[in-house]
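Across the two complexes that follow, subunit A remains constant while its partner is subunit B and subsequently subunit C.
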Partner chain A sequence: MKITFPHMGNTYITIKAILEELDIDVVCPPKCSKKTMELGTKYSPEFVCMPFKLNIGNYIEGIEKGADTIFMLTGCGPCRFGIFSSLQKEIMLDLGYKIDFITSDRFSNIEGLKEFYNLLNKASGKKGVFKILNTLKKGLKLLDEVDELNDLMNKVRPREIKKGEVDHLAIEFENEIITVQGFKASFALIDEYNQKLKSIEIDKDKDVIKIGIVGEIYTLIENYLNLNVEKKLGNMGVESHRSTTTSKFVRDTLDFIPLIRSDKKQVYKAASPYLATPVGGHGIHTIGNTLLYKEQGYDGIIHILPFTCMPEIVARSILPTIEREKDIPILTLVIDEMTGEGGYETRIEAFVDLLNKRREVKDYGKAISWN
Partner chain B sequence: MKIGIPRALLFYEYSPLWIAFFSNLGAEVVLSEQTNKRVLHQGTQTTVDDACIPVKLYHGHVLNLKDKVDYIFVPRIMGVSKGDFICPKFCGIPEMIKNSLTDIPKMINTTIDFTKTDKHFNDTIIEIGKYITKDENKILSSYDSALSEFNLYKDKLKQGQLPTDTNNINIFESNNRKIMLMGHPYNIYDNFINMNVIKKLRDDQYDVITPEMIDDNITSEYALQYDGKIFWNFARKLIGSCLYEVEKKQIDGMIYICSFGCGIDSIVSEIVERRIRKANIPFMLITIDEHSGEAGFNTRLEAFTDMIKWRHNLENNLSTHG
Partner chain C sequence: MEKLYLGIDVGSVSTNVVIIDGNNNIIDKLYIRTMGNPINALKEGLKHAKVKMSELGSDFMISGVGTTGSGRQLAGFMVGADVIKNEITAHAIAASTFIPNVNTILEIGGQDSKIIILKNNVISDFAMNTVCAAGTGSFLDRQAARLGIPIEEFGAHALNSTTDVRIAGRCAVFAESDMIHKQQLGYSKEDIINGLCEALVRNYLNNLAKGKDIKGPIVFQGGVAANIGIKKAFEKALGLEIYVPTHYDVMGAIGSALLAKQEVIQKQKTKFLGLEMADVDFKVKGFECSHCPNVCEVIGIYKDENLSARWGDKCGRWTNINIPSPTV
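== the complex of A and B ==
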């Protein structure tokens, strides 16, 4: 059995390490690329959201690399994610691929966790409770560290003296992490790059613009899909922070377990004046995090969603009110397979210019760099 | 007191229940006009641009009730039975309305959420009724009698009558060819937005079957055959009806009407299409949005119905020269 899985940002690092630790053969699909998108778009329903299409592309590319089993999460809720796996399975089988499809309910309750455990136990040749729980615990830690490394990059990039150093390290890291196996090597590599990032020469006193990125989780963390928005912002001298990460998402779903903490309550509370109940996906997180970013003094918000994303459309109709009432600029970017990079970049640049002017008006009473 | 009900979204599913309930309580029920160009235009102008057409129409219908009523009934529907979910836009519709429209009457935004338990069913009913009267017994008895009226209405649907029909017809006794019209109730029964597809098919001597004519229990049972958990109420109904028809083979063709950008239809129409094609039943997917070019629609419909006729008359002996 050779397992492949769909990509979602940096999550592959953790999934790969967990499966390797349990001695399960794993085939990591190539990073999302234009080819992935073309394959996915060709075989997926027309109006389905981008994550679905990229998943299909990943499966096909994973199978080309020798996988015979696909692992995918499933679930249940207003967002269509829960029904992804069953339709994807039908599509893959109709295409003539002879594959197994293993799914696991996303672990929002005890039964879901048990099912996931049984799955891993079977696939790993009965490794036992202790080994598996320990692996998952370490996996969670790895998830955190990968996200922290990304946060650090976003902090350093706008302040670096020699432009391009962080980008260079980021590419190097990606090339190396795919070659190492298991937790020990992964942790060591992350540590190494943490040190390297910290030793980059930076302008400590630089007064940078801060932008919070909110929106649908997959689009937010899959850099191919969001056209490297963090990198773009960083190179424009903007510090960005993404509100939703895989580690936060996992914590959100697991927080019924006493020892695992999440900021779900805080986010829901912040959102409550504008949106009273969760509307599936990350709709309520978009609203809550926008308000939290405002409180933390961020200069602007970028809202990213894939075209036809249902929860985010609800959020999108609320955001203009927040923008008006809380005086925080919000840029909404809708992404699908037709998104062109040029127009996208122009909008982000214009938005950053606007934020710079706002900063000047705030500091000096007028915009001084107006031309 | 005047209660306004927008003639959109779940109106086409539950209107007899809601109208009877509010009338029994002594309120005057005001419905928005039938969908027309003005409603569509106002809705399109005010709603966030990537919303689907039914949600835009809902905004238009709410605006249509402006200045006419004391309260507008805009419930927040999270799910109507255990383990069920619904499109996120239904969960957030009160907020969408509040943030997109200004100067509208007060709204009745009661949350209808039976996804985990229906223990608070009566509380939900009372919460809605409290806007009109304080008498809890009256509210519950009004609901009960409205419900029995609604059940009679549902029985009529099962005999082949459409919610939009006024006279009694029983299509299961006629010998006409039958076309199944699939889609959300607010797409297949709103005759403005679907360009009168039902009338056009009937004029062409076809009987129209819709998912509402099949009992909920039957569709839920058939939906279980589908591999994978179907958690949306609408999806279960549609996939269940599809699998039922695949087995019964009583239809000559299927037309699926979906709205542009509909999240649920994007999945369900694909599942249905794959199943129907495997069963060798003619299938056509029509996507509707705010554009109202009727000619193209008619052409596709005519081609589809002609094809069904040829299929029966000529089997596969079609000339390649047309």
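== the complex of A and C ==
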């Protein structure tokens, strides 16, 4: 059995390491690319969201690399994601692929966790409860560290003295992490790059604009899909922060277990004056995090969603009210396979100009320069 | 020696070049159709500027240059721009310089349209059309051609309309079908043209301006502002007076000239390569990179046959021009 799985930002690092630790044969699909998108778009329903389409592309590319089994999460909700695996399985079978499709509930309750455990236990040749729990625990730590590394990149990039150093390290890291196996090597490599990033010469006193990025999780963390928004912002001298990451998502889902903490309560509470109940996906997180970013003194918000994403459309209709009442600029970017990068860049540039001017007006009482 | 500043706006439909002086007076302006060839359009603009400069005599010199528009990177590279700025900011700075306290800018160009909201001369909100050109100049161009009317006279015809004709404006293609249908029903040309103007305005307000706080003074600029029919339709829909500035068609270029002026005064030097660039041979050659499945379309700019810049790659591997391009 050779397992492949769909990409979602940098989550592959952890999934790959977990499966390797359990001696499960794993095929990591190539990173999302134009080819992935073309394959996915060709075989998916037209109005389904981009994450679904990229998944299909990932499966096909994973199979091309020798996989015979696809692993995908499923479950009730939280949005169309709940039907992804059933629909994708049908599509793959219709395309004539002779593959096994194994799914597990997205461990939102004890039953789901049991199902996930049974699946891993079977696939790993009965490694047993201790080994599997221990592996998952370490996996959660790896997830955190990968996200922390990304946060660090976003902090260093706008402040680097020599332009392009962070981008260069980011590419190197991606090329190397795919070649190492298991936890030990993965942690070591992350540590190495942490050091490298910290040794980049930066302008410590630089007063940078801060933008919080909110929206649908997949689009937020899959750099291919969001057209590298963090990199673009960083190179314009803006520090960005992504509100949702895989580690936060997993913690949110697992926080019914004692000892696992998430910021779910805080986010829900922050959102409550504008949205009192979850609307699927990360809709309530979009609202809550926008308000939290405002409290933390961020200059602006970029809201990203894939075309036809229902929960984010609900959030989108609430954001203008927050923009007005809380006086925080919000730029919404809707993305699908037709997105033209030129118009997207123009909007981001103009948004950053807008935030810079606001900052000047705040600091000096008027706008002093436009450059 | 009087210092002048050059502003260049390379858009999808037109390429505009302006020369301003230190007091923001417009010395010269030029509006050329890009015709899908931004390099030639820009060179033509530079040649024109060269003629103008020699007319002015040796007391004047270009001391800075700024570029904007969808071709801003290319143009910026060709002339050695001091500032390369997006068109939203460029339009806003031009409007707020000439019309103090402007609150709303409606800008409709060849293939994109924008709305910019300002508060105290600072942009507070903006929107730009996304994938559809149904609310832009190209849409009107197309319908004018179908009706056999020069686009310059289009708006004036609308003013002679006597009956309201509602044309579906959501999509440029369906608008055309609907227009033909109305023609077959026997409506007059004037009424149909007026219907088209109102459809465009309706589309613009529904798509871009939804939820935006539109307050006067309102400035209408971009090539389409020449169209009196659209201006009237906006006034009717918004119930507010619309102001069209004298140089409405080149406001983006003016904005980039103003930005260049500011930059040069601050830095005390310019990167401008000179108007002689009009005579340099620029060529663009593209290739598809085969290094990864992204298959980026990489563009190489050749200046007198020498590769001088390259862009379009996601990973940045071709940015170093010492690596030769693969032979296609």
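Note that the second predicted complex is superposed on the first by the 368 of 371 C-alpha atoms of A that agree within 3 Å, B and C clash if a C-alpha of one lies under 4 Å from a C-alpha of the other, contacts with A are read in each partner's own complex, and residues count from 1 in each chain.
Methods note: a contact is a pair of C-beta atoms (placed from the backbone, for glycine too) under 8 Å apart; a residue touches a chain by one contact, two chains touch by 3 or more.
Please read these numbers as outputs of a predicted model, since none were measured by experiment.
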Clash-or-fit label for the pair subunit B, subunit C on subunit A
fit
By the touch definition at the top of the document, which applies to A:349: first (subunit B), second (subunit C), both, or neither?
second
Touching partner for A:171 - first (subunit B), second (subunit C), both, neither
second
Tell me which of subunit B and subunit C touches more residues of subunit A.
B
Kindly classify A:9 by the partners it touches after superposition: subunit B alone (first), subunit C alone (second), both, or neither?
neither
Please compute the subunit B to subunit A to subunit C angle from C-alpha centroids in the superposed arrangement, rounded to the nearest 10 degrees.
80
When the two structures are overlaid on chain A, which partner does A:358 contact: first (subunit B), second (subunit C), both, or neither?
second
Quick one: classify A:320 as touching subunit B (first), subunit C (second), both or neither.
both
Applying the touch criterion given at the start, work out whether A:40 contacts subunit B, subunit C, both or neither, answering first, second, both or neither.
neither
Identify the partner contact of A:334: answer first if only subunit B is touched, second if only subunit C is, both if each is, neither if none is.
both
After superposition on the shared chain, which partner residues are touched by A:275: those of subunit B (first), subunit C (second), both, or neither?
first
Once both complexes sit on top of each other, what is the least C-alpha distance from subunit B to subunit C, rounded to whole angstrom?
6
Across the two complexes, find the residues of subunit A that touch subunit B and also touch subunit C.
320, 334
Contacting residues of subunit B [partner subunit A, same complex]
47-48, 50-51, 76, 78, 83, 85-89, 91-92, 95-96, 99-100, 111, 113, 226-232, 235, 258, 260-267, 269-271, 274
Which residues of subunit C touch subunit A in the complex?
70, 83, 85-89, 93, 112, 120-126, 128, 130-131, 211, 258-259, 262-263, 266, 292-295, 314-316
For a test of understanding, state which residues of subunit A touch subunit B in their complex under the given definition.
45-49, 74, 76-80, 82-83, 85-87, 89-90, 94, 274-281, 283, 307-311, 313-318, 320-321, 334
Please give the residue numbers of subunit A that touch subunit C in the complex, ascending.
30, 33-36, 61, 164, 167, 171, 228, 320, 323, 329, 334, 338, 340, 342-343, 345-347, 349-351, 353-354, 357-358, 361, 367, 369-371
